[in-house]
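Just so it is clear, A, B, C and D label the chains in written order, and each chain counts residues from 1 on its own.
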Amino acid sequence: MMRAGLRRGDKRRLVPRWLDPHGRHLGTWAFVANRLTGLGLVVYLYLHLVILSTLLRGPEAWDGLVELFRRPVFLAFDVLLVAGLAFHGFNGLRVALVGSGLLVDRHKALLVAAGTLVGLVTLVAAVRIVG
Amino acid sequence: MSSPRTVLLKVFRYGPDDAAPRYDQFRVPAGPRTTVLDALLAIQRRQDPSLSVRHSCLHGSCGTCGMRVNGREVLACVTRLDGLGDAVVVEPLAGAAVAGDLVVDMEHVYRRLEPVGRPLLRASERAGPDGAEAAAAPGTVPVLEELERFEDCIECGLCLSACPVAGDPRFLGPAALAAAERVLEEPRGTDGRAVLGLVDDAHGAWRCHAAFECSAVCPAGVDPGGAIMRLRRRLLADRLPRLVGRYHQEVPS
Amino acid sequence: MATRTEEDFTEATRRRRRPRPTFAWVAQVVSGVLLLVLLTAHMVAQHFVVEGGLRTYDQVIAWIRNPVVFAVEALLLVCVTWHGIAGVHAVLLDLGLRGRAERIVARVLLDLAVATILYGLWLLYMLAFRG
Amino acid sequence: MDAPHVIVVGGGGTGGALAHDLVLRGLAVTLLERGELTSGTTGRHHGLLHSGARYAVNDPESAVECIAENRILRRIAPGSFEENGGLFVALTDEDMDYLPRFLAGCAACGIPTRELTAAEALAVEPGLNPALKAAVWVPDATMDAMRLPLRFFATAQRNGAQLRPFTEVTGLLTTGRAVTGVTLRDHLTGAEAELAADLAVNATGPWCECLAAMAGVTVPVQPSPGVLLALVGRLCDLVVNRLHMAGDGDIVVPQRRLSIVGTSAWTVTDPDDLEVPHEHVLAMYREGAKLVPAVASAAERAAWSAARPLIGAIGGAGGGGGRQLSRTFKCFDHAVTDGVEGFVTITGGKATTLRAMAEATADLVCAKLGVEAPCRTREVVLAPHTAYYTGRAA
């Protein structure tokens, strides 16, 4: 009765709020990208362990796998991997600084700097891997 | 003079007895100074009296008319239709229980603010127990400037709606964390240790992911994101010496 | 529906027994910074120090047998697992897990981290000394 | 269970203070408000806690009410005011001629003052027009127009009052000519209902004629809007008033990081239909800048109108007789004025006197219902405004 005028109700939320950065600022996009690259890298970590496990099965198994990985589609994946690592790393540095209360007023500039570094590293990696 | 411009408002509608929310469309005249709240009140008076909306001060100082307009958190009373386009989507704040239409239950804001012990307004130090007469000595108005900062918070809840992770009711959220930082900056007799303990939590200052959406939407210039980061620096300065074994009690100043 | 549940933040703040979350942050920052250094070493060494990069089974095994490499790889494994699992934990936390589910997830992730590190160390050991 | 049930119609400051007063006296209270609490006139005022000095010469009755309530509110609502004080600033020779009458008026009403030279005033408040001739310090203060009333609502709720925002009264239930309840519509659910009461209080401010008409009575109230202008920036720390007879744009109230310039006055019949005449906005800029020059170049945050409920020439409180549009309040027992039982109207007044208005009304309500209970609202310290939101039962 006391709350007669204010009952509860809400529209359903199908995806977590952080996964929907539409219309949001750069900071949220960076946060979402950091999460997605982070999750991707965790997946890669286990993939990597599985692949390295073929070393246990001797030279033939490994060398065959290495041949497979020299196909263009896997080289492109390598570039993507480096880009993801670079983003997560450089943006992570920014988050570590800002999130510890350092250079807080410069958080936007730091994001731009991180983005620039990611671009450079990815470019160099692409040239080296594909070229 | 051309005929007055009109704008199509797509307004979120929901009642406690409804199975699902819907969007109703209203066409309203829009002058250069017409605000989103003006338009909603015009709809309420001339088109659909059942539309529910919160408002009070009409100048962005009470914080009641927070809502999402085209996906962005704003105070409807100081947001002009001009420049928003010909179709404007109006929705209640996210992360709050919708009581009806654009009205949300603000309990989720105040439940977070209360434990921090945020003062309502800054009262200058010269106020005595008898109020007016004790304050009757002009010339001693303290210049607080920097310290005036947090009482700027109008408790509108825009930050909680904009924050990518404040959908979790356990997260203290930007407003309360900024209030905590404000209390620590100028304790005025409050127990800084208790406040520091309150925010040093996985759902406290450390839950923030530094997206700074709160600071982007704050209509009162509070910069909660920056305050959270300062709070974390304070926590690190307090806790780190213990981590490396040199325990010393640092009283937050 | 959306706002208050039985377990709101005031309850969360009452849980005083577990380690202060400040240390969780410090650990994530420290492991992240270490990762940046170790991963750079990991990648640069494998792709640039060895002419043409590590390719064949013999190259890889010889590489791992270097004690410095072994130590770096082992430390890298610990850091990346800690950092990654903590990140996944944060993501799952944002899904709104609470109570029993939250405790189960924390337990499973901890076990997973331990298992990952143990398996990785075993793999390194097998390759370096039994390969 | 057996306590008489009173319905308070109107969720402004007066209704909130009345609900607080009545539950303290042991009555069962339901407060109905068609929108959000304080969404009418209450939330829109400039946030001035009056010292009463503004009325000291012309309207001493209001002035005495103001200074008394100023002291009481600071006591029962600690933390709700900026202890900034106010200045009345003389800019012209005419203002200086008014100064002695002003000081005498304040003294007669018991309002503490302190005369300041131009240099002293500028030292206290550097934002002032440097061409001022003199100033008088008075115990004005800044309050929060919504959160101070919310403390009354919060306390009333804590003590058992049923507060129902977004619930509009659509009609009155009557038996003969006596009001016995209301019909209402819950705007959130769309549900309509009847609610019986031993007495209904019309606390709808400038809307009080609408409700009175449902009971077949009239109230001599004139909705009188004024334009207020909110500027970006805290242009002064003290409340700055013009030292002259009340006029347009003669006050600048600092409110957090805004500055509010008020106000103008005209009259309307429908308090829902308020214009914001552009020339009034320009007048606020022009007159406000005379007091605080920074007003002229400050960015506009918002301009809006608020309708005061001014009591017209018909009644006037306390023998005010034919005095036009006093700022004091009046409580009407419609059994006495119109022969309608169970219906009381409280109107007039201002934000500073909300508690006094409630006390007078509650005295009348209790007398009518045969309840003997003293007013306790002068002493009871109010709950924080946050309790209104956190204290509601789920």
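Operating definition for what follows: a contact is a pair of C-beta atoms (placed from the backbone, for glycine too) under 8 Å apart; a residue touches a chain by one contact, two chains touch by 3 or more.
Here the structure is a predicted model, which means the values were calculated and not measured.
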Pair exhibiting more inter-chain C-beta contacts, A-B or B-D: B-D
Per-chain Cα centre nearest the global Cα centre, belonging to chain: B
Approximate Å spacing (C-alpha centroids) for the pair chain C, chain D: 62
Centre-to-centre distance between chain D and chain A (centres being mean Cα positions), rounded to whole Å: 56
Geometric centre distance via CA averages, chain B-chain A, whole Å: 31
Centroid distance [mean C-alpha coordinates] between chain D and chain B, Å: 26
Per-residue multi-chain contacts in chain A, two or more chains: 5-10, 13, 16, 18, 99-100
Residues within chain C bordering two or more other chains: 1-4, 25, 94, 96
Residues of chain B touching at least two other chains: 15-16, 95-97, 99, 103, 105, 107, 111, 165, 167, 232, 236
Residues of chain D touching chain B in the complex: 35-39, 42-44, 47, 51, 67, 70-71, 74-75, 79-85, 112, 114, 116, 120, 123-125, 137, 139, 141-147, 166, 187-190, 228, 230, 234, 237-238, 255-258, 260, 272, 276, 301-304, 306, 384-386, 388-390, 392
In the complex, chain A residues that touch chain B: 5-11, 13, 16-18, 21-25, 27-28, 30-32, 34, 95, 98-102, 104-105, 107
Residues of chain B that touch chain C when the two form their complex: 95-97, 105, 107-108, 111-112, 115, 165, 167-172, 197-198, 200-204, 206-207, 232, 235-236, 239-240, 243
Interface residues, chain B side, partner chain D - complex: 15-17, 33, 35, 45, 49-50, 52-62, 64, 77-78, 99-101, 103, 105-107, 109-111, 113-114, 119-124, 126-127, 130-133, 135-136, 138-139, 141, 148, 151-152, 154, 220-221
Residue ranges of chain B touching chain A (in the complex, touch as defined): 14-16, 18, 20-21, 70-72, 94-99, 103, 105, 162-167, 208-213, 216, 225-226, 229-234, 236
